[in-house]
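What follows is a structure written as structure tokens; I'll ask about it next.
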Amino acid sequence: MANEKETTRVEAFSDGVFAIAITLLVLEIKVPKSEEHMNNGQLFTSLIDLWPSYFAFLLSFIAVLIMWINHHGFFKYLKTINSKFLYANGFLLLMVTFIPFPTAVLAEYINSSAANISSAFYCGTMVLISIAYNILWFTAGYKRALVRDEISDSLIIKIRNAYWFGFFVYLASFIISFFHAISGLLICISLWIFWVLLDYSKMGIKPQTGNPHKHL
Amino acid sequence: MANEKETTRVEAFSDGVFAIAITLLVLEIKVPKSEEHMNNGQLFTSLIDLWPSYFAFLLSFIAVLIMWINHHGFFKYLKTINSKFLYANGFLLLMVTFIPFPTAVLAEYINSSAANISSAFYCGTMVLISIAYNILWFTAGYKRALVRDEISDSLIIKIRNAYWFGFFVYLASFIISFFHAISGLLICISLWIFWVLLDYSKMGIKPQTGNPHKHL
Amino acid sequence: MANEKETTRVEAFSDGVFAIAITLLVLEIKVPKSEEHMNNGQLFTSLIDLWPSYFAFLLSFIAVLIMWINHHGFFKYLKTINSKFLYANGFLLLMVTFIPFPTAVLAEYINSSAANISSAFYCGTMVLISIAYNILWFTAGYKRALVRDEISDSLIIKIRNAYWFGFFVYLASFIISFFHAISGLLICISLWIFWVLLDYSKMGIKPQTGNPHKHL
Amino acid sequence: MANEKETTRVEAFSDGVFAIAITLLVLEIKVPKSEEHMNNGQLFTSLIDLWPSYFAFLLSFIAVLIMWINHHGFFKYLKTINSKFLYANGFLLLMVTFIPFPTAVLAEYINSSAANISSAFYCGTMVLISIAYNILWFTAGYKRALVRDEISDSLIIKIRNAYWFGFFVYLASFIISFFHAISGLLICISLWIFWVLLDYSKMGIKPQTGNPHKHL
């Protein structure tokens, strides 16, 4: 199970799951029901009142997009995959497909007296996703099991530390949500900036340098 | 992050999102509920009464299909992509996945006394999509950052102007919707013909002239 | 827009739409609601009572699968595609994404006093799909515009006639549905056997005979 | 219909269906409705009370993932495919797309007085999926119709027996569900471990030994 085609197929399957999960998010936004004769003003108000749904949609869209970009960068470090990696990746996909649910809960309750639990539920999902990424990197980077030869040991440690850092920040956002929902969410969002900066393409690996297939 | 494989994967992910968004549109059409014993005549009437749903479905299907074809043509102009492009493309995909919602709102309210807001909401979404295409082209065409060598400067300007033209027409359709819903929608639709004519394949680039594998 | 990569991408996008449409069909089957304390016997009865949903699900699954296989075989005849083909294919995809709706209508009403209209609505959708296939083949086969050189003229006519035959049978099933719902559906289903037999792989074309890329 | 490209496209289509089915599972988990002013404690309780939904989601996610991995391994044994295989694969995909429905039924009723039927319905679906895999292997392995030359006869028998074993265990889980719902489900789950161990990559075939491009 250690050839290029294999890796490509797992990547394609994961991409499919990411693409579907990100597109299903919109189903969470419910059309305001026209119980009686609604006029323009009332529809306008109804659409504005849906702001928690738009907010949750935007939040999760960006989260899944960043996860996809990182997942993508991840695979560029691998020379091969094994069964352990396959199951670790499966756990990550499990959490990714789950995202529409905490998103819908957040949309429904962030502007209510149950805001804390909805925020904690959302941030808690992110904690689990963060654990999934840590496990995934562990299966790839531990004893250099699956990483390409040109990846330096220091880079492996750098990435590991970045994922651990992410875990602790998500954990903090989860705990803080119980006391102040919006603060918890803001910490959760702040991490996105971190993930964007973690962009693999900037982490010092020049793919295929000195490679005969230079332009592929 | 500047190789052919990279570009292909972003294109494949975008294609997936387009394909899913276009297929989810049908979920907006709700089966008439059989509250009592409905006979053939009543079901016939119920199915006819769903015309705003069919109309909105058709409208958005064509819109997403044209966007996909244009997005597709877009990539043929690129020699590479970078992080800025990735995020601009992400913003575009955000708007594409959002389309099923304004479509459902339009279906529910275009034939009601809240028609203006539903039309404005739909056209407003198109304004944002138009902005997304403008940004995308800016990241690609500005200072020829990502475009292929055989694309002339005049073609870059031609495309830029086409996207700006699109933006202003969508903006007009948005504003007019507040005064006359159907007129707003018609202007919105009229632009499709424009996009079809903007078909990249006819804009003077002959791909693979000379050495067919030069840019692969 | 006339190269191999182009054709492949359109094929991949169509495949995605087929795959999503076929998988969305299951959403039509609604879980029986547990209004009060339901026991095993009641749930068993409820699940049995859903037979029209299972039936409609099965019907449309097979229909979409056969369409996919035919669509697939279709592309093997093409040497290239053009803009007309792209829009004809778009019309076909429009109808394919629509299928979950008449399927849900059929499931809801086939076992009711509105059976005729639900059956006619379903068969009518098939008439439109049949028209879409006829148009698609016309854009490809007329004056041999897009077909490979090794396709004989007699084969082009054979396929054209097969699609016309399909159209008339679907039209018959549509008309008969108004008088006898089940007979209409049975005629509609009987055509599947025809499509299966139309299997392109058996229609006398040996792909890539004497071709240097023999095993691709 | 016997070339590499053909096989790849069927594999890609199947992958798409698996990816969509696995991602649709989350739609079964319904957001607790906020009928009145719900506070943090009440939302917390509501989310906990959804454990049957989480349980069913997890169950089916793992089931589909393992099926995908096995399906994937399956294709590595094939040198070609034929029409019979295509229809057998279609039957398997039919059952895979159906999974979200028994999953939703299980989520709704496993913690009720109708637990037996919901469990039997779920395990019964697995029996059908098991039959689908048996048929698929039969079309491939019988008289070595589609398997690669390097697959030994003893391996074909080994795999056949594994699928038969799976069938009987699922059948047992189905029957036992009528008497003790949880026991039935546990037997059903226990088989996952078996499927994981059946991992094709460990069954003694070394792909591409010798001439690496021999079969491409």
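Lettered A, B, C and D in written order, each chain numbered from 1.
Going forward, a contact is a pair of C-beta atoms (placed from the backbone, for glycine too) under 8 Å apart; a residue touches a chain by one contact, two chains touch by 3 or more.
In this text, all values refer to a predicted model and were calculated from it rather than measured experimentally.
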| item | value |
| --- | --- |
| Chain of greatest Cα-centre distance to chain A | C |
| Homomeric contact chain B-chain C: same or different residue positions, threshold half | different |
| Inter-chain centre distance, chain A versus chain B - centres from mean C-alpha coordinates, in Å | 25 |
| Cα-centroid distance, chain A relative to chain C, in whole angstrom | 36 |
| Of all residues in chain C, the ones touching two or more other chains | 12, 16, 20, 24, 27 |
| Chain contact topology (line, ring, star, complete or other) | ring |
| Chain pairs in mutual contact under the definition given at the outset | A-B, A-D, B-C, C-D |
| Chain B - residues contacting chain C, complex | 11-12, 15-16, 18-20, 22-27, 29, 31-32, 34, 37-40, 42-44, 47, 57-58, 61-62, 65, 68-69, 72, 199, 201-202, 207-208 |
| In the complex, chain B residues that touch chain A | 1, 3-5, 9, 12-13, 16-17, 20-21, 24, 27, 83, 86, 90, 93-94, 97-101, 104-105, 108-109, 112-118, 121, 216 |
